[in-house]
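Worksheet: one structure, shown below.
First chain written, first letter: the chains are A, B, C, D and E, and each begins at residue 1.
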């Protein structure tokens, strides 16, 4: 059981969802959602990268093999990349990576990538809500021996 | 030209009010080397009334005919009638939605096995024979005849779904008739509605809408209108008398099927193009055709057409 | 027209129109192009763009009892020229289905003609023009309309007296039967 | 490392749904954190002061602020830590407002999430390194691309402030779209009377070099140090000799050519000067129209030219220049309105565009300022204006409002009544968009004083009947169809990015959208900047604008250019890719993918290695994600820094 | 064997023009050859080609950068060369390629399993590879193993038995098979859960020797592998399955769109872990998405180092 449930009481236990967002579009979109007070599930933790092209699929592999229940990558819409081409490369690499997951025995629905612009606060809310729901429907991911357990936070949240 | 065979669906009016369209279409296709195979024991597509009642019912009526055409082993379904075409086309398009397809299958109890395509005989001739190919076969060019081609509202619209010719300014009939030697007027109301199936319940509607088409064609100096739709032909020709009195204008404008005129230009005999079925007398218009004889061929004796 | 209570629009109706037609009515920005090009507009009580507006506001009864949804000739001018690619004609079709299902009268003659036509198809498998006219005239009590046409049509041998009956007419009748049976189960369009 | 953590309440924005004290308390126990506290408003002056004091008091070597989005205040706090004596990159932010307090209602999960975001920031900060911007020299010369009113303004402002300016214009004359207009709204003053003097200023300014009838061939280099190759297209006339006397035009036998400047109304000679006020006023031969180039015997222009300027053998010439900054001001083109079959798709002579109408109204235009029906030369009495043609029309992929059509249509309706007092104008509109000084009043004047009949609705079809045009539309206010017989139909065609914009954007390495408009750096805060350092935007190339707005942007782009080149040395953002020479095996994959050509192959003692051009690198990190052995790392977003954040979440 | 003799002739002819010819020579035991580096004509006598010539000769190419070498290649080896060329990791003018029709190589694991009742492969006294079978004399008895039964799996599905390109070719070209990714299909008959357990079990045997990496001709990082670097620090030294599997995923992703499926990684694995499967999964994905098979054309850019603005084959999630 994760700590958040002990804090919040009734809500479903939080799962571990990591987001890799490009600074220019999607991170801005998440900000816009915040400014608009678009309520979202709290499971997601966002890591800010300059560009979706900076997303090495191995970041995702690392997260999924070492304890994350879901990973979401979001960048600028194709053609709107701040760096012109980063998301085009990302799209290929992330799609190829997604197809590797079932061979590893990881449900490919644990990883999604999408495009959200800085103005699309509502789209961001929708993506986060649906993805979180998707991960909850899959439940906690199985952990490999050697991967850390999630009990550690209990201490820090005290 | 392709040696393909096409499943042919004449539609109900082909055995009644537009017999001449059906027959001239068959004769024209035969003369152009297009093989048509009748859809066996076909049924009505439901026309406008069916889709006014329900889309699945409408699609089911069309789907039955597609199922019948599968007995011929053919995917390409052609019809001279734009209304039948529209229904068949819509049925094929809408059945891409699995839920809709399921409902249609429930109604017909005959799920379709093949991937069907539906198009008009006009499209077939325009794209397979092409105006250039047609020109080579013209025996009696229609020189001197000034025509307005009227396509009706269903044949090309909306373009994103019908995918044939231009949705606002179609030219296929114009190009074919030009190839046959006729002079084509830049008729601006090519795709305006003639009133369609409102002929029976609301004659006033047809009088107004078809009246406008006839009036403009007349004022532009057309000798005749040319159409590709049985319903349009019926409204414009059969009801012309009604329209004349309704709009208080005196026009006598014959309304040909393009297949009749192309047949005429190809030298097909009268019993295959049935010009005598037209209500508004076509003879004054036909008389304008200038007979240009090649210098070395002696003039044919006039008056071949049986009265 | 009654004044419209904005908060009381029938949102189920809006949703039903959208699902059955597959169109998004909120995309309409009321430019009026559909109205401008509609050949049947002179027969309507509400112009097409007003019908669209009424749907946007969920005015179910006004829409379904309107003449406009029945007088549309399905000529596709509106769909062709809509700047927002809305299949307006399909929306009108769907409204007509709903109007029929909900028992609104609509334009009586138009409805009766459609019924007569389909009856003819149901009986024979193909439509029989003369029989169809007879049925329609009986239903509509408009016995003498179009009588002037008959001589022309008969003269040109365009109206066969006997209907052509196809072999598969039972099958066609079956389609109508199953349609009638299943009508409660589906909405006529996409589920 | 000694880290200080500051948790901001942001008034109640954060504190209402996050237990700020608890976050601070927990942060105090995180690795290398020596000081953690909460603050009411971290960004306020006392808030920043508290951070500065803490840095000094606790000898902090890094700072984490948990507050709003870094897109909001990262720059603010970087300056704060810099004032306190730290390198500005020894700072991290945790976004606990937009990403936590504003999107979650429950304090419990919010607090846990805030703690974790702080932990991620701390873990990343532990790996941060001081980064020092590099200084590079800059060329104090600006290139302005496009000589429309925006480009003219930018050039004059830069030159006035002492900068060298090179202005490149693809047409034979500068002036752009404004030079084609008759009058301007809402003052109805003459367009060429107000633009003309500015054009002359450009020609006469000692610090402006004008390349007319020229295009950008290639751009290389980076901010402060661009190298630009300009293609001077062959005019087949030696402009040094040409005096603009116009004798050649008079004598040219090929006169029935498409007249570009007059939008195809009237015709032009094969050798031509587009309009009387042209700058430069030099003749150009269009090879495709010239008899000499069609293999016919001619050369009449050469025979008559008093200065012997004609040279049919002339070739394109390439000129290379060095500039420190670039202003793109390439304007717009009218969208293709011939896609509208219902308006005749170009088949009806009396259906014209608004820009053609401007040429008709202009006294120096092909009709000498008389409004005539192109079909028969008669004066029209009934003129229909159709607005929103190729604007606000998603069905043809032009969903946006072009912004200026409502106003110029009102102007044209006014001018119509002015030219032909017994005429009647009809304006079909969807909405009137007139938010500008005196703009709405102007549209009212068109209706109240000039009797223009405004009809609210689109037009469905235009077709000829007799020698009139039938316009069928709707009046949605009336709830009815309307029909009007017109002598002339003027389509208020919307605009789109210049057709050559995409190609230029590729050369400048700036982004553009599907309508051909260049993308600004930030829609609100960087409207004339791009995301490529040293490249600025002015006028309609960024999005459609009217004249005053284009002029303002020209000045704004000039201000940006001047600010950039006011120093002799530029600072470059140090968040760039760095190559670990020892680990690089020279496979070149990074070079292949870099969108900015910022990496090149360098030889290191016979071995091939990647080398980053720091001034060109924009810091996207694509190379970093591509290098299999991680030999190229993006500073401030290295693999280890990202992994530290991942591990902060997954591993204790 | 005629082909082997023909190859020797070609090698002898090329020796004066190059620094070295890489092929196969006598190995540690009679069943298996070793990579063989020929510089002098007399060394050519011991050259071997055939089912025992398992190693990928392309492995050594990048080390010879700047020198001229000739390479004897099987079909699979030639694809590695083509891929190295496509990535410009070697220079075309520095290599001469000698191809021959490969009938498939032997899988030592399969041979060992067949020999198990009789002894170790090293105890073979005599071994003769014939057209259709391998005859081994062991403890005085002759054992006959049909080649079809001891062929490596990768050879059973090999589509390119001949060099995909070559400067010289000995013998008649052989016919290839279709690769239908049946190995992956077999894995995919398992549930996701079972696949996860499968890797958990397989990887638990990993001893982190990195033989898989060292045998890979396209693993160009060599001494700079992220597995052992501190900056970037992708892997811990902890003995957990998660780090071991992450390394395999790393290797596979580094090879995505590049792996030619030569299978040397798997052959080299002392623990017999089917590490090739992960790379095959990515090859299948890349082939399906971009229609690209690595190592067929020295001119094509690897698909993950390029893109198309509209990717027709990528079906993105519709939210």
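Worth pointing out:
We adopt the following convention: a residue touches a chain if its C-beta (ideal position, glycine included) is under 8 Å from a C-beta of that chain, and two chains touch if they have at least 3 such contacts.
Computed from a predicted structure; not experimentally measured.
Common neighbours of subunit B and subunit E under the contact rule above are D.
Chain centres defined as mean CA positions place D nearest to the mean of all protein CA atoms. Centre-to-centre, using mean CA coordinates, subunit C is 69 Å away from subunit E. With centres set at the average Cα position, the gap from subunit A to subunit E is 37 Å. Subunit A and subunit D have Cα centroids lying 34 Å from one another. The geometric centre of subunit B is 24 Å away from that of subunit C, both derived from CA atoms. In subunit A, the positions touching at least two other chains are 62, 66, 79, 85, 89, 93, 147.
Among all residues of subunit B, those that touch two or more other chains are 167-168. Multi-chain contact residues, meaning those touching two or more other chains, occur in subunit C at positions 42, 77, 85. The full set of touching chain pairs reads A-D, A-E, B-C, B-D, C-D, D-E.
Across the complex, subunit E is touched by residues 580, 582-583, 585, 587-589, 592-593, 626, 628-631, 633, 638-640, 643 of subunit D. Residues 184, 187-188, 190, 192-200, 204, 234, 238-243, 245-246, 249-250, 252-253, 256-257, 277-278, 281-282, 284-286, 288-290, 303-304, 307-309, 311, 314, 316-317, 319 of subunit E touch subunit A in their complex. Note for the complex: subunit A touches subunit D at residues 3-4, 7-9, 11, 14, 16, 18, 23-24, 27-28, 30-31, 33-35, 37-40, 42, 45-51, 53-56, 59, 62-63, 66-68, 79-86, 89, 93, 125, 147-148, 152-153, 156-158. Only residues 342, 388, 392-396, 430, 456-461, 472-476, 479-482 of subunit D touch subunit C when the two sit together in their complex. Residue ranges on subunit B touching subunit C, taken from their complex, read 12-13, 15-17, 19, 41-44, 46-57, 60-61, 64, 68, 97, 99-100, 103, 106-109, 153-154, 157-160, 167-168, 191-193, 195-198, 200-203, 205, 208-209, 238-239, 241-242, 276-279.
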